[in-house]
Structures are given as C-alpha cells and as structure tokens.
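You will see two complexes here that share subunit A, one where it goes with subunit B and one where it goes with subunit C.
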Partner chain A sequence: MSVSPLSRRLSRVFAVEGVAVAVIFVGMIVFFSLASPFFLTGGNISNLLIESVIIALLAAGMTFVLVVGGIDLSVGSVTGLSAATTMWALMSGAPLPVGLLIGIGTGVLAGVVNGAVIALLGVNDFIVTLAMLSVGAGLLQVVTSNVQLTGVESEAFLWLAGGDVLGVPAPVLIAVVVVAVLEFVLIATPFGRSAYAAGIGPRAAELAGVPVRRVRFGVYVLSGACAGGAGVLLASKLNSVQSGLASGYELTAIAAAVLGGISLAGGRGSVWRAVLGALFLGTLSQGLQMLGVDPLWFTIVTGLSIVAAVALDRVVGRIALSRLLGADPSTPAGPSDGPADPGGPTADAALENDDPRLDQPLAGSAREARTS
Partner chain B sequence: MTLLTTSPAASPETSPTPPAARRGPADLLREVVRRPSAGVVGLLVLICAVMAFLAPSFLTYGNWYNLAQQMVFVALLAIGMTIVLITGGIDLSVGSVLGLSAGVMAYLVNQGMMFGLCLLLAVGTGAGLGLINGLVITKLGIPDFVATLAMLGVASGLLFLWTGGVPFTGFMIPVYDTLGGVTPLAGDLTAPILAMVAIAVIAAFMMRRTSFGRHAYGVGSNREAARLSGVDVARVRIAAYVISGTLAACAGVLLAGRTTAVAPTIGVGYEIQAIAAAVIGGAALAGGRGRILGAVLGALTLTVASNVINLAAVSPTWQSVVVGVILLVAVGLDRASTHLSRRLGGPAPSP
Partner chain C sequence: MPDQDTQDPEPQELLRVEGVVKHYPGVVALGGVSLDVRAGEIHALLGENGAGKSTLIGVLSGITQPTSGQVFVDGAPVQLRRPRDAQDLGITTIHQELSLAPDLTVLQNIFLGRELRRGPFGRGLLDERAMSNRVQDVIADFGLTERDLRRPVGEFGALTQHVVEIVKALAFDARLVILDEPTSGLAEEERVALFDHMRRLRERGISIVWVTHRLDELYGLADRITVLRDGRTVARTDTDESTPEDLVRLMVGRKATSLGAVAEDRTAAERPAGPAGSPVEVLRLENVSRRPVLHDVSLTISSGEILGIAGVAGAGRTELARVILGADRIDGGQISVDGKPVRIRHPRDAYRLGIAMVPEERKTLGILADFPLDKNTTVSRLGKVARLGMMLDRRRERAVTRDYIDELGVRTSSASERIRNLSGGNQQKIVIARCLFTGPRLIIFDEPTQGIDVAAKAEVYRLIHRFVAGGGAALVISSEIPELLHVSDRILVMREGAIAGEVRPDLRGDDLEADERASAEIMSLAARSVA
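Moving on to the complex of A and B:
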C-alpha cells in the first residue's frame, strides 16, 4: 500500500491528539466571522479572551492533576471561596497585596488539604476533591450569608480584571504569563517530568526514584493556587460575590482540558492544549451570543459540540494513525520525526504502547493502576 | 441483612474462606472488618450514636419513616450508579435525566394521556438517554466522563427550554398521589418505599446471581481479560448505562410525585450525591467493585447526614460543609478498615 508524501505528512499531523479540535476551532472562528461582521473586531476579541481567562487558568492547573492521573473536582467552589475571602479582606481595609495573598492562599490551602489527604493518606482523589467541593461551596454560603460582599473601591484591584496595558487587557496578560510559566514547569523542569512519569506508571516511577507522593501532593497545591488566582480575577471582574459563584466551573475546566486532547487516564497533556480547549468553549459561547441564539440553548449546544469535537478528533486520529502504520509499520508516530509537539512525553507514551489511540481498554487499565 | 453476610459470589476474585481452626476475637474482628460494607455501617452507627445523645427525636419511628421517604431518590440513582461504576464507567447525567423524565411524565399526565402509558414513556425516556450514553461511549470511543457530562448539559438544557423556566404543575391526579407516596398504599407503606426495596432486591439478585452481574464485575476488573474470555464488553457497558438511565427516570417520576411540581432545576446536583452514596457504599471508581446494599446504605448515610443538620438545629447554610466532612470520614473509615483487615492477616477482601 503506497501513500503519497503529502497524505503521509497530513496523517502524521492529525495523529496528534487535539489537532482536529484545533482545526474545528479555526473553522468555528471563520464561520462566526462570516456570520457576524462584529465577531473579528478588537473589542469582541478582547471580550472573548477576558471571558475565557478564568476557565483557562483553571484548566491549566487541572492539566497538572490530569497528567498525574488524578482529578480535581473542587476547583469551582475553591474559586468562589477565594473570590469571597479576597473581597472580605479588601472590604475590611486590608491593603491590596494582602488581599491578593489571602485569595490565592485560600486556594493553596484547599490544594494542600486535597493533596495531603490524597497523596499521604491514599484516599481516592475523586471523593476527596468532591468533599472539598462540598466544603468550599458550603463555606462560601456561610461567608456570604453573614457579610455583604460587594463594592470594593480600590482602583488597583479593579484594574486586575478591567484595566489594560497598551490595549492588551490586564487579565489576558496575567493569564498569558501564568500559562507560560506553567507550561515551562510542566515540560522543562524535573517536577513536570516526574508528573508525566507518575501518570504513565506510578509504580515504575516509584521504582525509578521519582517521588510520586510529593509530585501528587504538588499538583493539587498547584491546581488550588490556580483556582485561588482565578477567584481573585473573578472577584475583581464582578466586584461582588454571591453564594453559588463559580459553581460548575470544575466541569467546564475538565471539558476544556479534554477538548484539548488531554487524557483522563493520565500521563499525557500539556498546558497550551487545555488553554486551547478553554478558548474553544469561550469562542463557542461568545459566537452563539453574537448570533442571537437563546441562552437556554447554550448548555445543549456546548454539550453536543464537546461530544462532536472529541468524537471527530478520535476518528480522524484513528484514520491518520492506521494510514501511517499501514504505510510503514516500522515508524509509528514518534517524537523524533513527528510534528513539533511540546508535550514530548506525550509522544513517548505513544511509543511505549505503540498505538494508544486504537487501544481503548488502556484508559480503564491505567485508571485501575493508579487507584489500586 | 442476608445480603451483608454472604460473600460476594459475583465478584471475580472470591476470597477463599480462612481455615476455621480456632476462632478467637481477632478472627471475629477480621470477619467484621473484611465485610465490604464495614466502613459505611460503622459510620452510620457512629452518627446514630452521637445523634441519639444530641437529639432525642432522632431515634423515633416517625423520624426514620421520614428518612426512608427522603432517601428513595438518591438510593435509586445510587443503585444505577453502582452498576455503572462496577463496569468501570461513570454516569454524570443521572440528575438531568431524572429531571427530563420527570418533565415528560408531568407533561403527558397534563395532556390527559393514560397513566400507565405516561409512566412507560417517562421511564422509556430515561432508558433511551442511557442507551445514547452507552452507544456514544462504546461505539464512538468517547471517554465516559465527557460523554455523560455532555448528556448532563443537553438533558438539563432541554428541560429548561421546554419548561421555559416555569415549573410544570397540576399533574397530581389521584393515581399519582398514590404513586408519589402522598397517599400510602396500606398502613404506613408507601409506593416509593416499596419501589425502592423491590428495585434494590432485583438489582442485588441481578448483580450476584445472573451472568450479566458476573460479566459486569469482570468487565470492570479487567476489560481485556473479560473480552478474551468471550464477554461482549460493549453490550455489558451499554446495558449498565441503560439501567442507570432507567432508574434515574424512575426516581424522577417518584420525585415529581413527591414535590408535586417539576421545576426546571429539578435533579440538579443529584449526580454528585449518587456518586457519593455509591462510593460510601464501597463502590470503587476504578471498577470491578461495588454492592447494591452498600449503595442503599450510602444513600441512607447521606440522608441521615442532612437529617442531623435539621435536628441538631445547625444553620442550613452549613449543610454542604457537613456533608463534605462526612464524605471524607466515610472514605477514611473504608481505608482504615482495609488497612486493619490487612494488619490482621489473612487474604485481603476482593479489590
């Protein structure tokens, strides 16, 4: 079976998870800009980015947890609680840096509790973070029912979400810096490499000297810190905190990560992919809004498009991979000759199982391995 | 309680009976601790003991009768969730499927359709949505978490659109009063409680004594091994989602009868409670482990937890904090009992 060089190259590109989603993303932008002349204006784009920043931050933190093979369901309620503590501190007259520290510290504290119970006591991550979701949402309700949290007058605080630097919105700038740092941490530091190793095979990593428990603890702290930061931005944006704030954000963040091609089974993923997923969801809701679609349809359209995008990504990837393998079985999509893939270990994982995308049961067995 | 005392026959790795030479207290302790539901039963006893001191009205017939009425919905969802978890999946859509089925029921009854037919169509809605979940997951290969999360969005969105934000009311015809438990069947026995017991017994029988049950445990413990030994893995997984959807619809029909209105937000957040109940009851998210009786006990634990808040006159704003803490304690106890049974020696309970 001979395959032309062009189709071979194409196959190689599409064999990477998330590429099909990226193509759909571009298609979506083209569609919306044709449908509405206002879509590609500067004001709308900066609006869209500002709207996506919170989810992007949460998804970036979630990436670390997913790479290790865990899950963090508490990020939504921790975001809400951090927003509340920041507002509370600032309204009690604390200076801005203290308020920010308290907000981010709230997230870090939640992450430390999550990480300690999961990594040190060995309790199931889903349940621990679910309990933390409950506790965080409950504390938010307790705080907001006792104090009216609204109307901080600090200019500097409101600038965080409303200001701009040379026309670039401040929250977008903050998010870009945070995401860049996180991406660097994940792909270029020993901590990041250990995270991939712990996600691919905890036992093997342990035997190879990777401090698996410490890494597992670390990713939950990181995810909590991201949620704390997102909470500060959310408080600055709304300048008012109510009970139920940011509830359900955890599922949107996970959806964003999965849209970007990050596996829930662990060992694969990178921060930019999760951010791409967050932008995908943000663009979708902004575009639907511009087209005047009834907001009641949003959850339906979002649900359907997530399934469609992930399904298409799987199908396209499977076809591309089988063409590659059919063309030359001795060179599966590997890191050395594949397209530029910042998630290096992603490709390593692909090599190890030589064909992870055709191997459905892999997800199940990896989940078993990490929980047992 | 007979379910509690028999060994998990359907579990693929049935623990061999330890040599019963001399049965000292350590053996007895080991026996107790090794029961899959030891953690949850211990927690329940603990809460009840504390409550008996704090609130004298806790240990009354009236209060426990109320608890039984309240736990039905989460119990039904938790039974379905347990079956899905046993096969190694997860179903985040049960709350929204509950809502949409309740909406179908209320709407059709209002249209004056024959009651039995309404019931059939409402339950059929749940089964259909479960079938879609199963097909999307097995045939399209989409991760279960994502597929059922999408279904959550779609089903709850549909109910919102359909009701237009205004609750469905006025469907409480006399038959529905009986079905919803407003009028008891005989004495104090109400239809929802009867339905819960019947469904729990049938589900427990199915998971322990039928080939479907054995296959479900097999698929959850090791999908590849199950496939190689000739189990139709996809069919078992699809069936689990269909059962989960069907039970969610049953819970929806009963919940509509209890609340006498179908608000657009009915069932929101129930999926989390169902998962929590199943896990408190000993189901593992990794698959291959879980018990129907455990799910029912887990649902009871959650219901008792919220009852505690009412009786102990804690401000309701603290409710979810308390539920979260109880959840953590439950899993901690489960962990501790596993550790303890390992320390006491002998084969570990089936994973």
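Moving on to the complex of A and C:
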C-alpha cells in the first residue's frame, strides 16, 4: 500500500465518528474568540457552561433512551412541569430537600409512566412520549394558571443555579457530577451493558438472557429523572415558572445527542458525547448573541448547523476512508498495485494469516458512520 | 487453474469470468477466479466460507467492482458497474437473505421498482392486469395461482418466497440465475421441491449458478462444478467425474486429512468416551402446551445425552426451544429441572437454572453484531464479571474470552474484535462460548450449523460432543436429517406442535442402510398428515 503514513494517520483520525464535529466545534470557538474579544473571558465561559447545563442534563438522559433504540419526546414539558412542582412545593413552605424530591419525583413519575406503557404494554415509544409531552405541557398550564409561581426566598435553593464553589458555578459542578455518574452507569455497569445489547439486537439480547423490557423501562425512568433534575435547576435559575417553560427542549436535547454522534438506531453512544453536543449548541447560541445577531435567527442557525455538522462528519469520514482504503478505482495509489500476479505470496499471506488486520476495525467504524 | 476449454465451440457459453481479482485493504478476497457457465446448465459453485464465493457473486451482480480481471457475457467483455447492468444482461442474483418486502403482495414484489404502467408514455397508473398477464404462464409452471399473486409475501414460507424470486427473475427475461445457498433455511421436502424448480428453470434454457455447502445435494442435479479455495478457482469438473471425497479435498485443501469428518464420515467425529458418572435427568417436560403451536409435549433429557428434534418448518421445534428457555410462556403442563418443577418466565431464569441456548438465525438472533467478542461472551451472565455486582471488570471479560478463543479454536485477531467481522463458524463458536460461560447443564442448539462451512460444522459437532461428554445434556434442533443422525442419541420427530414419534439412530458407525432406514422413518413421521 502506497498511501503515505501521514495522510493515512489523518484519515484514520477523521474516520472516527464525531471527530469532524469536534473539529468544527474548535473552529467555531476560534472564530468567535477572534470576532469578539470577550468570548474567551472567564465570565463568558462560565456563563456559557451554565446556559448549557439544562440541555446537557436532558441530553445525558436521552443518551440512555437512544442507546436502547428508543426516543423520549416528553422531556421538554416534563422539565417545565418539574420546575413548577418544585416551585409550588417550596412556596407552600416545604423544606428544600422535600422540594427537590418533589421536583425530581415529578420527572421520575413521568418516566415511570412512559416506561411502563412502552416496555410493558409495548406501545410505540414515539407515540407514548409525544402524548406525555402533551400531558406535561397541559398540566404545566393548569398549574401556572391557578398559582402564581414566582419569588421563592430560600437562599439554598437559589444557590443551586446561582451559587459557586471556589469560583466554579454550582450548576456546572452538579452537572459534572451527574454526567460522570451517568457515564459510569452506561459504560461500566451491567445495566448500561444491557442497554447497549438491547439496542444492538433486542431479540438476540432477549434470547441471551438480557432483561430487555426491564432495561427499556429503566432508561425512560432515568431520562425522566434527568428532566426532573433539569426542572429543579431551571426553577432555581429563573425563580419563576410560566406556562410553556422549557418547551422545545426535547428537540434540542436530541439534536445535542445526534451532534455527539449518537445513533438514533440504537446500540451506540455515550453520555460525554451528548454533553459535547450540548456544549456545541450552547457555544453557538452564545457566540451569535455576542456578535449581535438577532435572536430570532438563532433557531434557524442552530438547525442549519446541526445538518451541516452531521453531514460534514459523514462526508469527511467517507472521503478519508476511501482514500485510506484506496477503494476508489480512480485513485492510482490504491492497494491494487499487484494484481498482475494473483498467485503471489501476498495473496496467500493475506488469506491464511490470522494476524490482526490493520484496517479491519476501521472499516467497521466507517460502515457504521454511514448507517448511523 | 487457467481456462483450457473455453475455446471449445461445442456447448454454448453464456458467462465467462477470467482472472478476477478483488483486493480489500489487507485482504485478498479473490486472487484470480475463473468460471465459465454454459447456456442451460446448472453450475455448482463450491467452497468453504471465506473461499470467495460471496465476493464473486458480488462481482457478477454488479455490487462489487473487481480490482482486475474481466467478465464476458456471450463472449463479449462487459462492465458490471451497478446491479442494473447485471440485470440488463439477464443476470439475476437470488441472495440467501431474500430481498422481498413481506407486506407487499407477490405481484407487487415481482414488479417492485419496475412496475408496468398504462397511459401516455407509460407514466400513468400501475397496470395490474398487464403485470399479472406477463407472469401468467410462468407462475403456473412454478405452482403459484392467480390468487397467490394478490397475497402478501409474508404469508408464504421460505420455499414459496424463493419461487417468487425465481418468477421475478423470469418476468424480466433472466438468462442466468445465481442462487446463493438457496436450501439453507428449507426443510427436507421443501429442498426437493426447490430442486424440481431448478430443473424446470434449466428446461427453459436458463443457466443457474448454484452456491452450496452441501455435497450430497449436487449429484443428480448439478451438471458441472467449480471449486473455489482461498479466493481462487482450484478445480472445474463435470459432476459425474467427481466424488464427494475429491470435492472435500479440493475445498479444504491441505486441511483435509485432519478433518475427515466433513465427508459425512462418522468415525472421525466419534463420540468421546462415556460421560462422567451415571446419567441423571436434567430436564423433564410433561404435557407442555402453548396453543396453537405446541400440544402436550412430553420429553426428558439426561446428562450425557444428545436429544435430536426433527420436523418440518412450522412443526413447533423452535417454539419448543423458546418455551424451555422462557422466551414464550406455556399455557399448560409442567417443566421440571433436576426433578424440581420450575416456572421459567424469562430466558434469564433459564440461564440461572443452567439452561442455555444457541439460537437459530445466528446473524439476527445469535450474535450481537456491534459488540466485540468479549461483550458477546459475557452478556448472558454479567454478574460473573462484575465487581460488587455493579462494576464490570473489562480485564476479566477479555481474559475469560481469550480462554474460550483458545479452547474452542476461534480464529480471530483478538477478543476486542467486532464479532460481525468473523466468519459464520467463528461467530457460532462465540455464541457457544456465551452459553458455556453461564455454566449450563443443558444447551439447546437450534439449527447450530446453519450457514457455516463444512469444517466449522465438524467443529461444532465436536463441541457438542465434548460438552455432553463432560456431563452436560444437549437438545439439537435441525432441518438436516443427516446431521441429526450424526449427533443424536435419540431423535424426537415433531409434527404440528406435537411429538409424532421417536427414532434411535444406529450409533455404531458406517451402516449407511441403517441411516437410510432411520431417515425414511423420520420423514414419514414428520410428514404423515393427521387425518
């Protein structure tokens, strides 16, 4: 093979899923910092992180659902509803821990209902969570039209979103801990492994003894709990809840996960990648804001950037791969140099040798990049 | 071996492949393949997994672009850049995984993407009548009726689906049909029916390239044979001039001596010495039912025993396996493990009780394709590799898997290799490793050798025997009667969800007549209609 080692190495790096997105991410940061001297200041970075925390939490929970091949469209309104129940509890004089429990519990309850109907009754996940989205939004409306939810005076509660520890914003700290725990659960525990197995092949996993239904139930509860937590943080940040709060967040969370390279087909993904996707979106909107772009354009730019990033990831990955493989017959530098002697020693060696084949795993990952 | 007789003007040559080479990075899939197919012949393409049959088919159907070499049709060089190019030349490939849409009707499937239309410029509405007229004479020949055309393909069995593919080929004037292991999912009498269809195709002057693993099928059907090994054509012969022994030697090459078992030679895969200790009952089923697929099934399996299950497709064999594993609930009867009545609600319960299964359809139900070998191996008992029951120990998972790789002779670069990159036989060994890892006393093997090559088959048999010799019990479900006769101590024949009878094969050795008698008995039990 006559591909040069450098381009070969570069190709390999780019063929790894998500690398192109990461590169765009870095490029975007460079662009914004050149365009605005304030972009890379400590204050702005911490602001950016705080703004991204809510979506990051939702995307982290969503990752589990996507890994088993499901989808949770309900998290937006469940976040809003959880914020409302938290505020309501605190305003009714409940102590902070009870308020938090009620807020997170609201999310868990929604997740339990989602999970039970999807996993136990076998109803389509899209429909169930879409219905929950609607129910949650409706309940939020009912609650907010009856009670004025604003102005909690608990310092501790407001600290959750506004405080800091040694200069690090509290919500960022909370998110880091939660994300680390969730990543551990997904990567290193039997539950997480079962989630991947269920996503790769539910029928095969079932026959292999994986409790597929239980796992499916579990991921919706987890996603609901994340929405509950996000709701609490949102309530603390705004100290006010109105109808329509957090609506549309579910799509942003899914977009973040997709940007992180998580497949909607299931079986692949990790929490930190989804969080990276959330940061990507956060950076974008923050940067646009600093450049003075009309906020009305944000969602449009966000949408276009998602398509652009994912498409580029795919195209770059494919070009890099075909260069590496020399599969394109028009590429003169392919491995097709020696066909004149089909019976030569290389042919024998390649087929009879069991040594690790250099390109095999890469070929696999490229195939996925294409099908994901 | 280079071409010698292609200049021979006598029989009319339809297709010729000369020196086709296909490189993939690090692998030479084809290292110089030659093939010539005459008009109106059945040409068998033999070779083990990895011999290059699939790649060659890919080249002929326009899916794969060869690195070098040339394909000729009617003596003229052709370029097959897209599947459409091959179709236009009259080359149709019927893949092992049929490409039919189950919810569309037979007629819709036949004309899928090439529908006939009426109205101006042929761009108007679909013309159902024209379409059904076009296949009228063909369907009658292949046993389909006018009404069948309007039924969804999913309602038919595997054989009829093959027939639909064949009709589809004929409707568009195919001259060469490539059949990729067409009999792998078929029951005995369905195979016979398919062979009749193949003869009918030949009578119509259509050539068939027939990929198969099974030597016993060739005789009396194939006209000529091409054998591939390690990506090259190693022999081309008239079927009458070869013996199965020759062919096996050609297919496996130098490995032949150590794998004499492959030639249906029972002695080489002989059962190891008897099991340790005296047999104890492992599993008992009493009047187990799951209506409408299972009726009052009773059986027992003891340690050291291999119980075969025969029957036609739909006789309830897989359904039986599924209720034993707890994948489906029973609605009557009693299952006992070690003499104790149990309720198995989920496969997980079964694995805990010491029952494991190697499922049918390895690719979709056996392996977890995106997982590496080690994650495939441990998935059924993650608790065994988890610290404190919650943190998976990756190093132990890999170590355990490496042990199985050595023990079962899995050919792979490492335990972290993705299982989808392995050959069928090696994938199946990892599925068996997964079962062994759960520490089972009974393993259910559902079509364990489906779609794997002859050498790997012999190794799977050996693993079954070894497991049983160590005091385990095995339940082997198979559509191949020779396979059942080869591995089983007893064979239960199922028919319409019930046990129709029991046959004991002659385990002593090479008595072909006894085998024939036993298989005739199995077939009559399996087929007899319940009046």
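Definition applied: the second predicted complex is superposed on the first by the 321 of 372 C-alpha atoms of A that agree within 3 Å, B and C clash if a C-alpha of one lies under 4 Å from a C-alpha of the other, contacts with A are read in each partner's own complex, and residues count from 1 in each chain.
By definition in this document, contacts are C-beta pairs under 8 Å (C-beta built on N, C-alpha and C of every residue); 3 or more make two chains touch, one makes a residue touch a chain.
What you are looking at is a predicted structure, and each value in this text was computed from that prediction instead of being measured.
Chemist: Regarding the shared-chain residue A:L139, is it in contact with subunit B (first), subunit C (second), both, or neither?
Modeler: first
Chemist: On the A-aligned overlay, A:V258 touches which partner chain: subunit B = first, subunit C = second, or both, or neither?
Modeler: first
Chemist: Going by the contact rule set out at the top, does A:A204 touch subunit B (first), subunit C (second), both, or neither?
Modeler: In the superposition, A:A204 contacts subunit C only.
Chemist: By the touch definition at the top of the document, which applies to A:G303: first (subunit B), second (subunit C), both, or neither?
Modeler: First partner only.
Chemist: Which of the two partners, first being subunit B and second being subunit C, lies in contact with A:F126: first, second, both, or neither?
Modeler: So A:F126 only meets subunit B here.
Chemist: Under the contact rule defined above, give the subunit A residues that sit at the interface with subunit B and also at the interface with subunit C.
Modeler: On subunit A, the overlap between the subunit B and subunit C contacts is residues 360-361, 363-364, 368.
Chemist: Mind pulling up the subunit C residues that touch subunit A in the complex?
Modeler: Touch residues, subunit C against subunit A: 19, 21, 23-28, 31-32, 50, 65, 67-69, 230-232, 325, 327, 346-348, 350-351, 357, 359, 364-371, 375, 379-383, 386, 389-392, 411-414, 417-418, 420-421, 434, 438.
Chemist: Under the definition above, what is the set of subunit A residues touching subunit B in their complex?
Modeler: Those residues of subunit A that touch subunit B are 117, 121-124, 126-128, 130-135, 137-139, 141-142, 145, 251, 254-255, 258, 263-264, 294, 296-300, 302-304, 306-307, 310-311, 314-315, 360-361, 363-365, 367-368, 370-372.
Chemist: Going by the contact rule set out above, which residues of subunit B touch subunit A in the complex?
Modeler: 88, 92, 136, 140-143, 145-147, 149-154, 156-158, 160-161, 221-224, 227, 272, 275-276, 279, 284-288, 315, 317-325, 327-328, 331-332, 335, 351
Chemist: Tell me, which parts of subunit A touch subunit C in their complex?
Modeler: Going through subunit A, the ones touching subunit C are 1, 188-190, 193-194, 196-197, 200-201, 203-211, 267-268, 324-327, 329, 334-336, 339-340, 342-343, 346-348, 350-352, 354-361, 363-364, 368.
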